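A, B, C, D, E and F are the chain letters, set down in written order, and residue numbers restart from 1 in every chain.
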Amino acid sequence: MFMHNKRLQYTVRVAEPNPVLASLMLEQFGGPQGELAAAMRYFTQALSETDPGRKDMLFDIATEELSHLEIIGSIVAMLNKGIKGDLAEANMAEADLYAALNQGGDSHTQSLLYGGGPSLTNSSGVPWTAAYIDSIGDPTCDLRSNIAAESRAKIVYERLINVTDDPGIKDALGFLMTREIAHQKSFEKALYAIEPNFPPGKLPGKAEFADLYVNTSQGEGDTEGPWNAGGTWQRLDDVEGSLPLDGGDGLPSVTLTDAQQEAAQALAARTMSNPESDPVTGADLGSGKLAAEMADV
Amino acid sequence: MFMHNKRLQYTVRVAEPNPVLASLMLEQFGGPQGELAAAMRYFTQALSETDPGRKDMLFDIATEELSHLEIIGSIVAMLNKGIKGDLAEANMAEADLYAALNQGGDSHTQSLLYGGGPSLTNSSGVPWTAAYIDSIGDPTCDLRSNIAAESRAKIVYERLINVTDDPGIKDALGFLMTREIAHQKSFEKALYAIEPNFPPGKLPGKAEFADLYVNTSQGEGDTEGPWNAGGTWQRLDDVEGSLPLDGGDGLPSVTLTDAQQEAAQALAARTMSNPESDPVTGADLGSGKLAAEMADV
Amino acid sequence: MFMHNKRLQYTVRVAEPNPVLASLMLEQFGGPQGELAAAMRYFTQALSETDPGRKDMLFDIATEELSHLEIIGSIVAMLNKGIKGDLAEANMAEADLYAALNQGGDSHTQSLLYGGGPSLTNSSGVPWTAAYIDSIGDPTCDLRSNIAAESRAKIVYERLINVTDDPGIKDALGFLMTREIAHQKSFEKALYAIEPNFPPGKLPGKAEFADLYVNTSQGEGDTEGPWNAGGTWQRLDDVEGSLPLDGGDGLPSVTLTDAQQEAAQALAARTMSNPESDPVTGADLGSGKLAAEMADV
Amino acid sequence: MFMHNKRLQYTVRVAEPNPVLASLMLEQFGGPQGELAAAMRYFTQALSETDPGRKDMLFDIATEELSHLEIIGSIVAMLNKGIKGDLAEANMAEADLYAALNQGGDSHTQSLLYGGGPSLTNSSGVPWTAAYIDSIGDPTCDLRSNIAAESRAKIVYERLINVTDDPGIKDALGFLMTREIAHQKSFEKALYAIEPNFPPGKLPGKAEFADLYVNTSQGEGDTEGPWNAGGTWQRLDDVEGSLPLDGGDGLPSVTLTDAQQEAAQALAARTMSNPESDPVTGADLGSGKLAAEMADV
Amino acid sequence: MFMHNKRLQYTVRVAEPNPVLASLMLEQFGGPQGELAAAMRYFTQALSETDPGRKDMLFDIATEELSHLEIIGSIVAMLNKGIKGDLAEANMAEADLYAALNQGGDSHTQSLLYGGGPSLTNSSGVPWTAAYIDSIGDPTCDLRSNIAAESRAKIVYERLINVTDDPGIKDALGFLMTREIAHQKSFEKALYAIEPNFPPGKLPGKAEFADLYVNTSQGEGDTEGPWNAGGTWQRLDDVEGSLPLDGGDGLPSVTLTDAQQEAAQALAARTMSNPESDPVTGADLGSGKLAAEMADV
Amino acid sequence: MFMHNKRLQYTVRVAEPNPVLASLMLEQFGGPQGELAAAMRYFTQALSETDPGRKDMLFDIATEELSHLEIIGSIVAMLNKGIKGDLAEANMAEADLYAALNQGGDSHTQSLLYGGGPSLTNSSGVPWTAAYIDSIGDPTCDLRSNIAAESRAKIVYERLINVTDDPGIKDALGFLMTREIAHQKSFEKALYAIEPNFPPGKLPGKAEFADLYVNTSQGEGDTEGPWNAGGTWQRLDDVEGSLPLDGGDGLPSVTLTDAQQEAAQALAARTMSNPESDPVTGADLGSGKLAAEMADV
């Protein structure tokens, strides 16, 4: 069960209202790399996790991310506090309110639609979706996903720090950014405490294709590096000449019943595009070509 | 520029049509861990990448993933080939067609809406969305995301292999699964060829919070492991007693102008929920309580 | 800040695994009337709320809803526990696993894609979206929305109770359902503690249209009731004859500059559908009519 | 069946084109509180409603909301009429067109993508989705949802009125805003004409939890009011000490078959994160720490 | 303005309730080719249309499509009428209700979430989205889109007719299907009454590329037909040898300022994947290879 | 299988970075009429196509559209190249970066979230969705959809050309626009090479409704043209008087079992809105009316 204390994990001191900056900050509130995505990612993993150590860690970090959602949401609420009152009380001339809403970002949507509250959208106003969450219920995969997610969140905080000079916001964002580093470390430890963890899953794969590098993009710019050369890599350069890789005919096939066969043939016959035809088309009609020709007759 | 050869990278031999199995296979066609997501993830990274080695590798793998999209899509097309003709030609009694559509999965949608073609949806019929793609334009993050994505795709193929006994499909899925292992290796090499790559980005973070583990989830089940104990970890157990971590008051604040202040106060006064009141509510009306009381008067 | 205790607010005892029932239960996990929607609705309202009583209440209830999300998610995790192991360890014959996945609902997606973990989707597999949250930052509206949301959640729990005979699940769902009743009471009290609260907002509206009932749907079935007759209602039956209600011409208009006028006219001339023409169309070509006529010539 | 008259229900007189203002107005065309949402909410309820009075009322109001969709859409069309011609006829220098598109809001998208027509998006360009509609087929819930929806729409109109000084637009918006007040009154009457209407549904709930207020958010700011104190409220302050509320162990459980048990154990063993280990991690590699240590050896 | 008559445009007689069939029918209620999409497509075009003939026609057909939405929604409501009462009144044993919900399709979602009302989703439960609407405000394009949309809707009705043997439903669907044919004819006439209508828009295109067919897909299966051979077609077979088509270098370039250049170089240097390195990777750690090697030392 | 050459099909020369223009260009990268939509539309059709000529053509054009996706994505990458370095390296004062992000469009999102890479969103930041793809697996429909899609893409390119004066971008966009014209021609040929192709599908429709024009929108502005008058059109003006068109009662009906009947009646009785009542409502409470009345007593 969750409990809550109305004190934040980190103090938020905002110098002055700024709805456009609020709009940018939403990236970490309701955006794909934001705190709700983090919290839900770890919370849902925790629920089905049976390994006691990971389960505990996932609940710990999920709960902290919810607390970070509260911090970033509080920053947004403070930045919007001015426009919220102004709009609700019609506290400015219409033209001034109009101008205030249209300075940049999608601050107008936060004001008109959400009344200045922090909305679960990204900075473009796109509603948060669980499609952002990539957990699949295998710990070696989910921990890799978590590691990647923490590194992404770290960078988005870094970018937000770079675009504001409000010292209180910079300080709080710096805290949030640092915690992503710490969380990444925890997930790394938990991943490598599974031995072995590569390749993920139980099935080993077909040995003949596991060290193959297929050089599908060719022409100027072909480069070698440890990702495609050296070590155990086998490199395939004549891609087209090697099709298919299995020695078959490279075509898809399926066995139909006679009745299915018949229906398929009827369908094919009924809808054939006759390659021998030279049909007049709608584009011919529409370009006036046909009319011209008929006039010639 | 892309070119295409009508031969597949791997031959697809399907034993017999099965629209329900087709529906499951869509998970890797238009699902979040599927081949379109993979191809678009690497392709969009390639376009803005300036490091020549990574750019080449990303185009190589993106192009191969498109070719895998073609393979899994061909499997779906073969599995749906029977129902496609049957439905278009009304080749069965209505009741039989109805039964064929409603055996399981969302095969009915593929048939009714997409006419048996492979649809860019997951196995539940949810349309593919670019929200699945988590690239953020920083190579140390994007490579970690790619590593995680390849590991997830590997597992989903493993699960699909486990639910079918069609040998041709098992064989092709085995090939696709193995290629994810190879791709993960390439991305790992490219990540560790960036030195240093941790923490990501330029800003180092606040040292006092980078080795801190906050034990937010307590009670029975608290566990220690390398992810929260030993090494350089500092562990905070008295979470509530330490609020906030910065020594401030733990509250959000912002400085408003006088006019903003005034509007905020007017709004607060106008919309106060009076804690001293004991209002009759709609629920009182709706539960019949009020009527009863008034009758008593 | 949030804290967590690994004990649930209410014990969850599930009789036996059942992935199809798990799929139904997702309605209250990641569905529109589910617990994440409730928690996020109240949490985001709390962040921008300035009334101390409502802010406290919103944090209280938001935190409890997160704890309910944990309960319903735990039910899902228990119901999926069997299939999770079976699929990961390939513990059954392929045909049996295939059958287990395709019994009903969208249990296949939870298994294939989410590996048996509770997914933030509804029972059809549609990912949770913040579009479900209708907060707009005005307390009289948001409290009405909360009242409505609690009543809807109550009913969905009632329906879920009606479709299972597992006594442990029925018991836990009964608890969750009851809490929605209690929450609705709190929101009702907070709404009616704002006086006045109707009409919402500051602007009073145009008096001549505030008691008007427009009888736009006519014919058999026209009915009178307190919602459109009696009291202060004025009823408009001759809808078409009264157009427009303002005494103007009922047409939209805008004043363009000369240059805009000119461009608009050029556009109109260039794209006019000539009402005097009798064009041959693509459908004529496609139906073979034209060919027939030309053959006649 | 629906019929249509090309006269609007209320005359729309727009002073001059303004694509940025058009973008704001879209909030009530294709936004979550807009007229399409209202129309579809009531229309779909009407279709399955069997109570004759409510069915008639729902068709009446749905039809009027469609007519309001026409009014707000006409405002958008007028505001975009200038840019529509300018863009289609390339009627300005490129730089001027570019500037016109980028003044604010998302007017560029309406112009580029929708060619100046009113688009079914909100003011941020997010496409309308049926996820906005919260009908669940129980009249006491749906009427509460309708009441809440009307109150929200009223406020969004109030905000739009506050940001424009075009008198014709203000007049039409004032009409639309007033009609929301009237509709709310109708829905209130219809709700309270169901007796009793609280709690919704048939199941009464567990008496011991129906008057309980759980004080989950504590610390500074705890407040009492009629929503959590007085009357029949029982208040629980020692939340953590009372876990779980049912007297059980507060843990989720399920009974697995032996085979399921075995698979679950195999999975757990294979994927255990060993708490006794002290693994070298990818982050260690990536931070250069490992290289340094190995160099020391 | 819209008006409504409670009589349907066509009588709906359903033989017996069937929630699974209801689920299939939703394809034309809230699906991409369904009646809401049609109605909104034409209605939004009508609002910004200035050509009087097309504007009238678009309002005519939009209004009729709304009436068809009502017909198909009424079919759904009738098919769900049994389950609606059963579920709300708990009129069956739990196990029987459970079975009734899980027969096929997504009927469970319609029942649990929407309470048996017609929901604005497709047959897979995916909520309707305005992303289905492809209007762009150019009449020659929009009419082509409308023609295509009518033809698609015709086919989906044909498929639905093929899967039911309920004579009343077949009859009503036959009516709806036929109206799509009539609407397509109208749109065809309106398109070809614009002369010329091809190519759309004002800009003529680069003559050297307008008759070029690029044979990008080669290998077995290359075919000739009127779409790529004969007439004015020029065919390019040596695709790779002709890159790029403009005679440039085929590379993207941009001129940066010195400061931008410098930042770009700093970024490149900081994040280079060193092609000369042979790094140990996380996969090496995870596969146990590194440990083995170190043990060897 | 796909192959790739790192040379573009057409050279991209961008004069200078401009993230706002980049944001507009995204319309054709990840927008509904953009190149990914085109490529996926034709590619998925190709996979299930069995007609050899169409299959070849669809692969040819799909592959070329992927190559166009690469061109437009390269334009975006070049336009964002400046901001990418500036943001990653914190190469400007915070205030300058802030200003650069907030000039217009949604360039801030591309920078903050995607780090300057081309994102699969439209110009408003809405993620690409497969809901844009309208293929249904019938060739006469899909070819019509393709024709319409090509014409729309042509126009969006024309609009983009009109808003930039960068000659290199204009040149590349001109090439892309022209190719849409050529593709439309191919699809037209393939459609009309199916004979007959109208009406689509097998079922002929009900003859009595196939030439009927229903004049549902009346009043001022009624117009005649070849789309509703002349030829074989029958026109119905007395719409309301002709309801329903089939001679039935125009009402929906279904036959319930006795048990279903009973449950339906119980539900109706329990939830009736009593038309004879005059209930006090929440709005009465909230407007203070009730309090006033009770005070009067």
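Here is the rule we use: contacts are C-beta pairs under 8 Å (C-beta built on N, C-alpha and C of every residue); 3 or more make two chains touch, one makes a residue touch a chain.
Per UniProt, the chains are A, B, C, D, E, F = Mn-containing catalase.
All values reported here derive from a predicted model rather than from experimental measurement.
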Figure out the least number of contact steps between chain B (Mn-containing catalase) and chain E (Mn-containing catalase), where 1 means they touch directly. 1
Chains touching both chain B (Mn-containing catalase) and chain D (Mn-containing catalase): A, C, E, F
Rounded to a multiple of 5 degrees, the Cα superposition angle from chain E (Mn-containing catalase) to chain F (Mn-containing catalase) is 180
Note whether the interface between chain A (Mn-containing catalase) and chain D (Mn-containing catalase) is symmetric in residue numbering, meaning over half of all numbers used appear on both sides, and answer same or different. different
Here the gap between chain A (Mn-containing catalase) and chain E (Mn-containing catalase), centre to centre from mean Cα coordinates and rounded to Å, is 22
Between chain B (Mn-containing catalase) and chain A (Mn-containing catalase), distance of the C-alpha-averaged centres to the nearest whole Å: 7
Spell out, as numbers or ranges, the residues of chain B (Mn-containing catalase) touching 2 or more other chains. 1-9, 32-33, 53, 55-56, 59-60, 62-64, 67, 74, 77, 84, 88-90, 103-104, 106, 113, 115, 121, 124-127, 129, 131, 136, 138, 140, 147, 155-156, 184-185, 189-195, 198-199, 201-202, 216-217, 219, 221-227, 240, 243-244, 250, 264, 267, 270, 273-275, 277, 279-283, 285
Building nodes from the protein chains and edges from chain pairs that touch, which of line, ring, star, complete or other describes the result? complete
Chain B (Mn-containing catalase) partner contacts - residues on chain A (Mn-containing catalase) that touch it in the complex: 5, 7-17, 32-33, 52-53, 55-57, 59-64, 67, 74-75, 77-79, 81-82, 84-86, 88-89, 91, 129, 131-132, 134, 136, 138, 140-141, 144-145, 147-149, 151-152, 154-156, 158, 161, 171, 174-175, 177-179, 181-182, 184-187, 189-190, 193, 198-203, 205-206, 209-217, 221-228, 240, 243-257, 259-260, 262-264, 266-267, 270
What residues of chain F (Mn-containing catalase) sit close enough to touch chain B (Mn-containing catalase) in their complex? 1-9, 30, 36, 40, 43-45, 47-48, 55-56, 59-60, 62-64, 66-67, 69-70, 73-74, 76-77, 80, 84, 88-90, 113-121, 127-131, 133, 135-138, 201-202, 279-282, 285, 290
Which of the residues in chain A (Mn-containing catalase) come into contact with chain F (Mn-containing catalase) in the complex? 20-21, 23-24, 27, 31-33, 103-106, 122-126, 155-156, 159-160, 162-165, 216-222, 239-240, 243-244, 250, 264, 267-268, 270-275, 277, 279-284
For a test of understanding, state which residues of chain C (Mn-containing catalase) touch chain B (Mn-containing catalase) in their complex under the given definition. 1-7, 50-51, 53-54, 87-88, 90, 93-95, 97-98, 101-104, 106, 108-109, 111-113, 115, 121, 124-127, 138-140, 147, 184-185, 188-195, 202
Please give the residue numbers of chain A (Mn-containing catalase) that touch chain E (Mn-containing catalase) in the complex, ascending. 140, 191-192, 194-199, 219, 223-227, 230-231, 240, 243, 273-275, 277-279, 282-283, 285-288
